[in-house]
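Sharing a structure, written as structure tokens. Questions coming.
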Amino acid sequence: MGSEAIIVFFLAGVVLVAGANFLSNLISPKSDNPQKREPYESGMTTIGPTWVQFKVGYYLFAILFLIFDVEVAFLVPWAVVFGEMGSIALVEILIFLFILGLGLAYAWKKGALKWE
Amino acid sequence: MELNSFLLMRHEILLFSIILLLLIAELFLPRNKKSSMIHLALVFFGIHTAVGFLPLAEGSLFGGMFRSNEMIHFFKGVLNIGVFTLLLQSAQWLEKNMLKQDRGTEFFLLLFASLLGMYFMISAGDFLMFYIGLELSTLPVAALAAFEIMKRESGEAAVKFILSAALASGVSLFGISMLYATNGSIYFEDIMSTLTATNLTLLGFILFFAGLAFKISLVPFHFWTADVYQGAPISIASYLSVISKGAAAFILMILLFTVLKPLMHVWEPLLYILALATMFTGNLFALRQQNMKRFLAYSSIAQAGFILLGLVTGTQLGTATVVYFVTIYIFSNLAAFGVVQAISSQTGKENMKDYEGLYRTNPKLSLVMMLALFSLAGIPPVAGFFGKFFLFTAAASKGYYLLVFLAVVNVTISLYYYLLVIRAMFLRKGENPIPFFKSKIYMKLGLFIAVMGMLALGLYSPLYDYIYELSAAFN
Amino acid sequence: MEKVIFYLLAIIMVASAIASVSSRRMLRSVVYLLFVLIGAAGLYFLMDYNFLAAIQLTVYAGGIVVLIIFSVLLIQHIEMELEIAKSSRRWFSALLCLMGLSIFLGTIYSHPFAVAETTSTTTVAEIGRALLSFEKGGFILPFEVISILLLAAMIGAITIAKGGKEIKQEVPESLDIDKILQDAKQQAEEKVMELESSTKN
């Protein structure tokens, strides 16, 4: 594939997004008043800071996701050559999956997969 | 590839099976039986330690990625005894604090995983295995440092540790990539034959060295040590200063004396300077410490400086003395940390002031502490004296008289602060000394092994001859 | 033509990297970091390391950035801006960085790298074969050890994040809407009482 196409694609992307923003700034009607700057235009103002601390559960899910993400990265090349390598590849991947499967079982048992 | 050739990895396979068994037991054991996990883990690891001393063949596996010889085998055995002693010493703390919260097995799982990483690091035949071993040995320790998560300092220690460890391993990896770029291979064997001192290899070597220097807490990379030791649970501080540092010093020795030998004219002056800086910084900062964990942290930095003294020689005598010194250091520091652990898990006191008058109330504990500090300082009857003496001989035999002289000055400084603790225990009366208490059987056994190790290494000279014989493998 | 793409990517990466370390809001830093990681994936594509580029996108841009974002959101005072360092200190660190950069660039450019005569793309099948091979140049041992590393990381993360039962009470429940509502109600009632008592007087 010609690399010119990539450059054209890149430039088109930049021009389209920047152009759309610029145009909408240019032609949209503007109004500004104090009410508009409130976090909620109707209803109550918020109590306390609007940023809330996330639960630690999100983090746990993210880290588990990441670990299995890395695992998948190793599974892909295995899957490509599995046909030609046969049983030995199967044994190797079974060890790999068994170890990580135990990890998953541990996470399950400890309630890391449960949303509280 | 025959199946019994995997026996070369006996240490790794056994330890890995223990991890799996403990994990499965953790999954299926009902909650009220969890307290038996400590005994189970101790029995498993005791068997592993005992089996570890059976002789093992030399050789390499996986095309040279994994290699073992008698020296490596011996050192893994030493690490095993060290970890076993450490487990015995921490059993009481673990039982008291952790099983209440339904987590005690994780301590063993993570500790064993870290030890497994050290095995792989020591046995590595290429930079990839080395790096993975380094990561595997570091990462679980960060989680362990945060084990007492209710304590703010424990979490803080873990954050400090993981941040500096991540930085160090990143820098190290960058260095490895440069060595790979100039040599075209990650196998130690190949690199050994092609390594020449170009600018890029030197830069790579220095970056790579920085990563290991972090683990041994040599001076420009020592900032994490005192804070992490103080915040982390005592078992983990002990593990970091004893097992982690010992293993890292050992692998540094292997790498310097084999793969990086062609760069000897570079690392010789580098180690010379670092040795002096590390000894002086560690000793001078140790003088002012009041907290026992911080005190032992700086003392262990100073000891790392002495290890460099043997490394700087690059001879077989250097190899033997370094291994001998590290082995003695492991036992001495285990004894010292063991006493701190015993007192802390009984009373929660960790300051030097609390130790005043300890001899009157707990004579046995204070005797163990005295032996350990004598050994660390290098006072004649105990093993530490011979360790330091041989190190100085090795360095002097290569003509480093100034370095040896400055090291002796450092020994004198260290004598002062080690004696401060001894004075507090034996001569001061103390306003409210720690009342008499009886330690549990595991703790007693742990301290006993550490003391026996110290005495045996010092008094039974065939051990040193044996180490000297083994050290021929690296020169 | 490839040079143009390289420089485009390089400019994006360097600019985002600088923006990432100099931004005073943490969340913005993370987003700039995302651009750096995507740019790195672009470089891999440019060098025909397609598998590596895909991994870079899924693991780094997909996984790690999400993890960083979540850990930033875990912080209590996220609206906090990082404080500005003293200007003397800023100049000092800038100088230090420039020195480091010049050392690295100087050494790397001075090294006589051999230019490869033939370039060939590493296919996924080749990676797979190397990954499962026992011989020299095979990576079966690191492959299995990495699974232990991942297992240890998982156990460690769960140990820290889950903790024991005693810890749960200490974690502030900031998403507890009932409590916030109750507090607000109580405050409103107090106000009403105050108003009533003042009008009576």
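As written, the chain order gives the labels A, B and C, with residue 1 at the start of each chain.
The rule is short, and it goes like this: a residue touches a chain if its C-beta (ideal position, glycine included) is under 8 Å from a C-beta of that chain, and two chains touch if they have at least 3 such contacts.
These figures come from a predicted structure and were not determined experimentally.
Enquirer: For the interfaces B-C and A-B, which has the higher count of C-beta pairs in contact?
Expert: Counting C-beta pairs in contact for B-C and A-B gives the edge to B-C.
Enquirer: Among the chains, which has its CA centre at the largest distance from chain A's?
Expert: Measuring from the centre of chain A, the most distant chain centre belongs to B.
Enquirer: How many angstrom lie between the centres of chain A and chain C, each centre taken as the mean Cα position?
Expert: It comes to 12 Å between the two C-alpha centres.
Enquirer: CA centre of chain B versus CA centre of chain C: separation in Å?
Expert: Roughly 32 Å separates the two chain centres.
Enquirer: Would you mind pulling out the distance in Å between where the CA atoms of chain A average out and where those of chain B do?
Expert: Roughly 40 Å, centre to centre.
Enquirer: Do you know which chain C residues sit against two or more other chains?
Expert: Only 140, 146, 148, 151, 153, 155, 157 qualify.
Enquirer: At least two other chains touched by the same residue of chain B: list those residues.
Expert: Expected reply: 23.
Enquirer: Taking each residue of chain A in turn, which ones touch at least two of the other chains?
Expert: 99, 102, 106
Enquirer: Under the stated contact criterion, what part of chain C meets chain A in this complex?
Expert: Against chain A, chain C makes touches at 1-2, 4-5, 8, 51, 55, 58-59, 62-64, 66-67, 70-71, 73-76, 78-79, 124-125, 127-129, 131-132, 140, 143-144, 146-148, 150-151, 153-155, 157-158, 161-162, 171-172, 174-175, 180, 183-184.
Enquirer: Please output the residues of chain A touching chain C within their complex, sorted ascending.
Expert: Checking each residue of chain A against chain C gives 2-4, 6-7, 10, 47-49, 51-56, 58-60, 62-67, 69-74, 76-82, 85, 88-89, 92, 95-96, 99-100, 102-103, 106-107, 110-112.
Enquirer: Quick check: in the complex, which residue numbers of chain A touch chain B?
Expert: Contact set of chain A toward chain B: 99, 102, 105-106, 109.
Enquirer: Please give the residue numbers of chain B that touch chain A in the complex, ascending.
Expert: 20, 23-24, 26-27
Enquirer: List the residues on chain C that touch chain B in their complex, please.
Expert: Spelled out, the residues of chain C in touch with chain B are 103-104, 107-108, 110-111, 113, 134-142, 145-146, 148-149, 151-153, 155-157, 159-160, 163-167, 170.
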